[in-house]
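Presented below are the structures under discussion, each in the form of structure tokens.
Presented sequentially are two complexes of chain A, the first with chain B as partner and the second with chain C.
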Partner chain A sequence: MRAGKIVLCLLLLVLATFVPVQAADIDRQGLVGIWCAGDDAERRDSFAAMLSQVESADEPTRQWVQSVLSAYREGDLFCTAETAFRPAGEAYENVLTGERVDALPADANAPFLNIPLRRALEPVSRAVTLVVSPEAAERLGAADGLSRSLGVVPPALIEELYATEPDARVRSALEQVLVGVWLASGDPADQQRAIAALAADPTRQNLTTLERFVDGAEGSLSPSVEAAADEALSKVKLTVQASDILTVLYHGLSYGSVLFLAALGLAVIFGLMGVINLAQAEFVMIGAYVTWFVQEALKVVAPDLLDAYIFIAIPFAFLGPALVGVLMEWGVVRHLYHRPLLTLLATWAVSLLLINIVRVSIGTQNLSFYTPEYLKSGFTVFSEFAITWTRLLSIFFAALALVGTLFVLYRTRFGLRVRATTQNRRMSGCVGVSTRRTDSMAFAFGSGLAGIAGLALSNIYNVNPTMGTSLIIDSFIVVVVGGVGSVLGTAVAALGIGELNAFIEPQYGAVASKVIVLLAVILFIQQKPNGLFPPKGRR
Partner chain B sequence: MRRRSFLKAVGVSGAAMSAPGIILPAWSQDTVKVGCLFSSSGAMANIEGRLNYVVQMAAQEINRNGGVLGRQIEVVTTDPGSDWPLYGQQGRQLIQEERVAATFGCWTSASRKAVLPVVEENDSLLYYPLHFEGEENSANVVYMNSPPASSVLPALEYLMSDNGGKARRFYMLGSDYVWPRTINDQLKGYWQQEYGIEPDAWREQYVPVGHADFQSLVNDIKRFADESGEQPIVVLTVVGNSIPNFFQEYINQGISALDVPVLGLDVVEADLEGLDTEPLVGHLNCWAYLQNAPGERNQQFLDAWASYVNENDVPFRPDVSIDPMVSTYDGVHMWAMAAEKAGSFDVPEVRSAFPGISFACPSGYDIKLTADNNYVHRGVFIGSVNRNQGFDIVWQSPETTVPVPYSPYI
Partner chain C sequence: MMTAFVHSISGEGPRDRAYLAVVMLLVLVVFAVPLLGLSPLASTPLGLDGYQVNLIGQVMAFALLALSLDLVWGYAGYLSLGHGLFFAIGGYLVGMHMIKLAYVGQSGVPTFLNYMGLSEFPFYWSGMEHFWVALLGALLLTALVSFVIGFLAFRSRVVGVYFAILSQAFVYVAMLIMSRNDTGFGGNNGITGFQSLFGVPLSAIESKVWLATASALVTLLTLILLRRLTRGPVGKLLVGVRDDEDRLRVLGYETLWLKIAVWCGSGLLAAIAGMLYVPQVQVASPQLLSPMLSIEIAVWVAIGGRGYLYGAIIGAILVNILKFWLTRFMPELWPFILSGAVLLVVVVLRNGLMDPGPTFRFLFESVRRQKVAGKGEGA
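So, the complex of A and B:
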């Protein structure tokens, strides 16, 4: 073991003396050989050596290094015994000869990179991009990731790049990379610069860096640096705390929107019509499955529109469950309107039936959804407050559903009939409202809303036949707390429960938060048995 | 009138349905029953459900070669619906009413604990195909998979080594039941005793079984990672559908395996089915079998499963194979071997035939039972998520390991 290390050191020494002599030229074949078949230590050393050469290399070589390195990092470099291939459009390019082939040779496979190797490769690849790329946006992306770890990249190289970088945003990103070096330098001017850079980007990571710097220095700092550090520290801390609070609020909002979407259909069916529909959550599941069918159909019929499948699926995700809802109302529920207990049992049976039909016909596996590029990850608002697109989409759908439902109920003839029938069934019958048809339509409407919930949840949760079962209890709680029959009440209750959950969960864990929320709901119902917005008048 | 004819119809069909039950004892001389206790509904359905078919596939193989002691195996399946107490209840039915010679079943430890008293009081046999927390050694259970000392600890040792990325801080996230809690207790003891790591280097969180919304918790992992410079990892012991839900949120919040790798102790190939695994590349798991295990035997098993799925219209993917499937498959074969060796289906005699039984497992190892305990000696694999919803093998043990049922770290 030790002997091996010594030999390795000697080898490195020999290499180190050799390298500068032929610095201008990169041994492409040797590099590919090591990347494909070398052991971890060889590969790691080759990264550093290559980085030192790339600066002085000619333009084609630089481009070659960047493209092959990024293919290697992404696991797209397919090695054979003599050479390696990288994807180029539909075909593959031999990275040594530039030749193109349509299919990979049978023995080609991508070498496995373990985590330490990828951690070593990541900064090197970013540094190469910084050196090589003419695009400011690409350089910015590369610089952003470097602040986590420099790996084997020499800080001197970054300082050099910083000095010559023309783009202001890339410069400020590079400052973040250099703070570690500057803080450790002992030079007050550098330390001041580092502190200013840290204060300019108040993340938790930078807060930790600052805290450690202040704690570790213990009086060895010049007074001006210390004052600046203390000031920056308190400012960063405040910003991070503010962003934490906003994050919790946002999480509550997004969880509340999920609850609201799941409960809205129920608010219409249970709230307005008084039918306890235990199959409600299965309409959510059906909505998600319809969305999936739309996605699969688009893949075949119009692959160009695939990116927009979520929006194209909206009418289908509404109409599919609505149709099932009409059938269910016609076949089961209408016979049991005045027998709540039997409705409960019958709808439960329907729920089991729906689950099992889906299970038998499609299977129990989780469905695979395509995530369009615009929904991947998200963006940082400030400090630690980040928003993910999928959650934002669910909030958007919740808002849409709320506005849409309020509009339908209060601004259309159909809504008028529904409200009239709810308030006094016989009286509305007398003035010419077809209560039978209204019931049926209202049931379809509620089912369709659940379908929209399924659509919105398909990118957040897994879609499988039993996805609805976990939602049904929460939905009932939301509707009851909100006040039976009140759409606005449902929204407020969903938001309240969502926020309560988001506040408790990080503190006491998910199990405790369930318990505490349920306790709070019990106490609330005891105080206000009719919920937040009780229906006015006699029922 | 209508009612009467209805009753008549019910009576006739009822008699027709019970007829095989009357005839059964006449030809049951030629068959032997085994039971399955795997859920086809509820939170565990997606992963547990397929094990029913594996038992049938293995039984079919054995039957084709003449059965066990000249009798054909008949598989009785149940559906305990991911409801832990129901496993005990249906296990009792299998043993007392169906008179099964052995039962293959359970995924979670909570369900095994529910069946344990049942098999013990009836002196029956349960073949349990999952790796679990250990701390148990019943004469009535054959533990087909590894206790933590021979599965989880090698994986952690790897992650804490230079080669694995020197993990020193740990975020333990688990479903709230016996397996995650016991495993985490053992791990804390292990870190403290072997590495001298202080309790402020870890955080422990539990979620209810079936929990789906991991937003706040993944955000908490982010915070945990940024609080110190040392390398953090997540030790994930959530089960069932919580696993893909967790990974979905991990992707959405943009945490990569380079920043905070996840060691998913219950994560199998099937959990990745619905996910885009590109952003998940590098997360790890550890099992006694991975689908990419090298060797001819694994290929045979994969082919057998694919053709079984296609021939019988099984509602699971023909090209996905997971450790518990192989462990169940091994279990059926090892039970048949033990019965053959004992020359009887009586549990005490089958049990006394256990020591020395060895089976050529698809994982490539020759797995065996010894006289020490009812734990099968298995090999260990550490896998790393790849882009094709599978696992690349990062490391595998040179030989089968000796199982240690009771952890020294509690």
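So, the complex of A and C:
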């Protein structure tokens, strides 16, 4: 406080000696003085006062207010005893005189904004942007932000801006800002406008606004408003519910596709050799790490191609784990045919080994993946139902893997051999199929599929050495439900379990969904011990 | 799979000797731990300090756990990767007993219940201050859980790898449940802060000695009991289930109830092992339920050799002593050694240390040729 007063006195002194560069209706120097050294209440009052003046100010003043305000908000306004500086390119600009200096004076420091002040400042700076900015996109962003909190911004100002706003999207965004004001005004025409605006954008937030309005104004509404509100309410509610269901379905689809990717290789190997590969989840992990290596390599070798790294990594993410798979089949699994339980332990040992090799050589921290611009966001289909590109990508990879596997199994010589060996190993051997080589190649193929799963997961999951441990049990359950060695069964089971999970999880939590899924699967096995699509023929 | 086990029931000659050696080892532990761990001899160079006694006790509890798994895996042929579930039931109940005992006669509850917003013990803690209630509770709960799992699994003929992973799924889900704070068992940190058992403070050397002795004694008695059981008609039936269950069924045996009985018995043994283990480590946490521990039990049995009972004990002792030693001095190295040992034993040896198979026959050849000429080579 005292320091603030001293500074104010100093400012007054300075005021007497300096001549303002430009006569304006906003007291620039006083504003900067308060912003730099005023106490919280003074600063807050100055925001409101500044806002009321800025509208009628001339263009240069408006620009000045906006630039200084944004610097202030970002912590880039460096105060000295007399004035303040803001960054301008490499140099700094004295905000009062416009002079440029190369380095800040020694006593310059940015005033600290505590959280209540920030909250007060936020709507004000948005309002200033709305008033000043010539860019429709900037105004749109500001209007969107304002709908969360109007703060000290007077609704009359927004109404005025709304009336003069040329851009339709900004207008509708401003409508959302004004909805609360209109609803509370008690004027039927305004209320009608508000209800129409709410109905035009059926989000959950608007649903609660409408509900609160209808509940709160019981009986005090004019009949026409009440009818409109009821109609809008039922329409919005229906839309929100539909979008909720679609969202859950979409999440289930995306989780199911992840499960499918992880389980597909497992199903092929299990169907062919009766071997459960507990290291399958680690192949997923290796796939994700290979993707990361490709990304890092591209950063060095060809930064231009970085945006496409996900697609460039596909062959590597397939071949890397496939190679490890071949080695594992050759070194471990082939010695253990007809001893599936010991294979289980051996593959567990391999998974432990792989996890620890990665842990020691690369570390346990989560890998950071570069998300290309085209994957960053998504789009809102309607209401609350939004599609994110990363999830869509995993669904795309799952579909790709499904089609690819079906093609390989049913349209190639290799697939024919795999199917023959799966059906009757000895007979296939008799007619000249090299079952050894088929096993080896199928193991590589299954491992490669897991690698693709890792690639698809890299932008959704945390990628670290132990990322696979939670995946293996889920994917085995998918294989059990789907039926051994059935690609379509695996797909159906993965989707079913994914959807089941997605429906339970939001309501009861992740643990409950795991418990319920497990219980459901156990009951399912009671009825269909061989899964949805049991293998045909005698064994 | 069949031929690898031929020795297990013929069990003559060197096998009997190995069995007797393991029995003698356990008897030795039963007598040596109180002798060397308590006051007159404890301070001599021969004596054991608290850490060593505790280590022996933990290893003995693990040996009992391995024994329980060998009964279902080595004899009935069903690999359970979820025996930690029963181990944890015993462990948690004895933990509850010790906590409740510490709060007898005073108001208030442990912090993990306070955290839940409870000011007194929930109903399922009632009577827990009596040891026999906890014991009975642990056995009944284990019997119930193992019966439900066994009935569901065996009735629908879940076998082999399916059964293994299914049991793993159970223990995994149980771990997820117990890791939650709102389950009321201390969440991730588990139940801890025990003070005494049977009136002896857990920090005293006496309690360590008696717990270790009790663990060794129970393991010894269980070994003798299971040996008798498996060499009798039940053992023959179990091996029948393992080697050709369909044939056994065609011959007219109802294998369902036999399997359920053995499965439940094995679960009960694992629960007792848990009751012996938790007072020694002084914490009952979801770590007991981690899939890793459950798989490690199978690893001990696989390394020791399935279907011999004492093989499981040897495996548990060897692996755990190695683990204690390595995790103390070279914790980074342990996972590599463990996975390497498993791969070596599983891929190269036929049945762990009990039957190294043709590649390593020569190691045992000379010994065997001297002792029993020409016998036991049929495999």
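Simple rule for what comes next: the second predicted complex is superposed on the first by the 395 of 539 C-alpha atoms of A that agree within 3 Å, B and C clash if a C-alpha of one lies under 4 Å from a C-alpha of the other, contacts with A are read in each partner's own complex, and residues count from 1 in each chain.
Following the convention adopted for this analysis, a contact is a pair of C-beta atoms (placed from the backbone, for glycine too) under 8 Å apart; a residue touches a chain by one contact, two chains touch by 3 or more.
Because the structure is a prediction, the values reported are computed rather than measured.
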Inset, instruction - Quick one: on chain A, after the overlay, do chain B and chain C clash, or do they fit? Just give me the call. - result: clash
Inset, instruction - Using the touch definition from the top, say if A:Val101 reaches chain B (first), chain C (second), both or neither. - result: neither
Inset, instruction - Would you check which partner chain A:Ala200 touches, where first means chain B only, second means chain C only, and both and neither mean what they say? - result: neither
Inset, instruction - Would you sort A:Val511 into first (chain B), second (chain C), both or neither based on which partner it touches? - result: both
Legend entry - Contacts of A:Leu238 with chain B and chain C, given as first, second, both or neither: neither
Inset, instruction - Mind working out whether A:Gly274 is in touch with chain B, chain C, both or neither, as first, second, both or neither? - result: second
Inset, instruction - Have a look at where A:Leu305 lands relative to chain B and chain C in the superposition and call it first, second, both or neither. - result: neither
Legend entry - Partner chain in contact with A:Ala227 - chain B first, chain C second, else both or neither: neither
Inset, instruction - Name the contact category of A:Ala37: first (chain B only), second (chain C only), both, or neither. - result: neither
Inset, instruction - Spot which of chain B and chain C makes contact with more residues of chain A, would you? - result: B
Inset, instruction - Could you look at A:Val360 and tell me whether it touches chain B, chain C, both or neither (first, second, both, neither)? - result: both
Inset, instruction - Check each of 25-33, 79-87, 187-195 or 241-249 in chain C against chain B and return the one that clashes. - result: 187-195
Legend entry - Overlap of chain C and chain B interfaces on chain A (superposed complexes): 355, 360, 469, 510-511, 514
Legend entry - Contact footprint of chain B on chain A as seen in their complex: 40, 75, 112, 114-116, 118-119, 122, 148, 203-205, 208, 212, 247-248, 251, 254-255, 258, 355, 359-360, 362-369, 371, 376-378, 384, 386, 388, 390-391, 460-466, 469-470, 502, 505-506, 509-511, 514
Legend entry - chain B - residues contacting chain A, complex: 40-43, 45-46, 49, 162-166, 176, 205-208, 210-213, 215-217, 219-220, 222-223, 226-229, 241, 244-245, 248-249, 251-254, 257-259, 261, 270, 273-276, 281-282, 315-317, 384, 386-387, 392, 394
Legend entry - Interface residues, chain A side, partner chain C - complex: 270, 274-276, 331-332, 335-336, 338-342, 344-346, 348-350, 352-353, 355-356, 360, 469, 473, 476-477, 480, 510-511, 514-515, 518, 522, 525-526, 529
Legend entry - Touch list for chain C against partner chain A, complex: 1, 73, 79, 81, 152, 155-158, 160-162, 164-166, 168-170, 172-173, 176-177, 179-180, 291, 295, 298-299, 302, 332, 335-336, 338-340, 342-343, 346-347
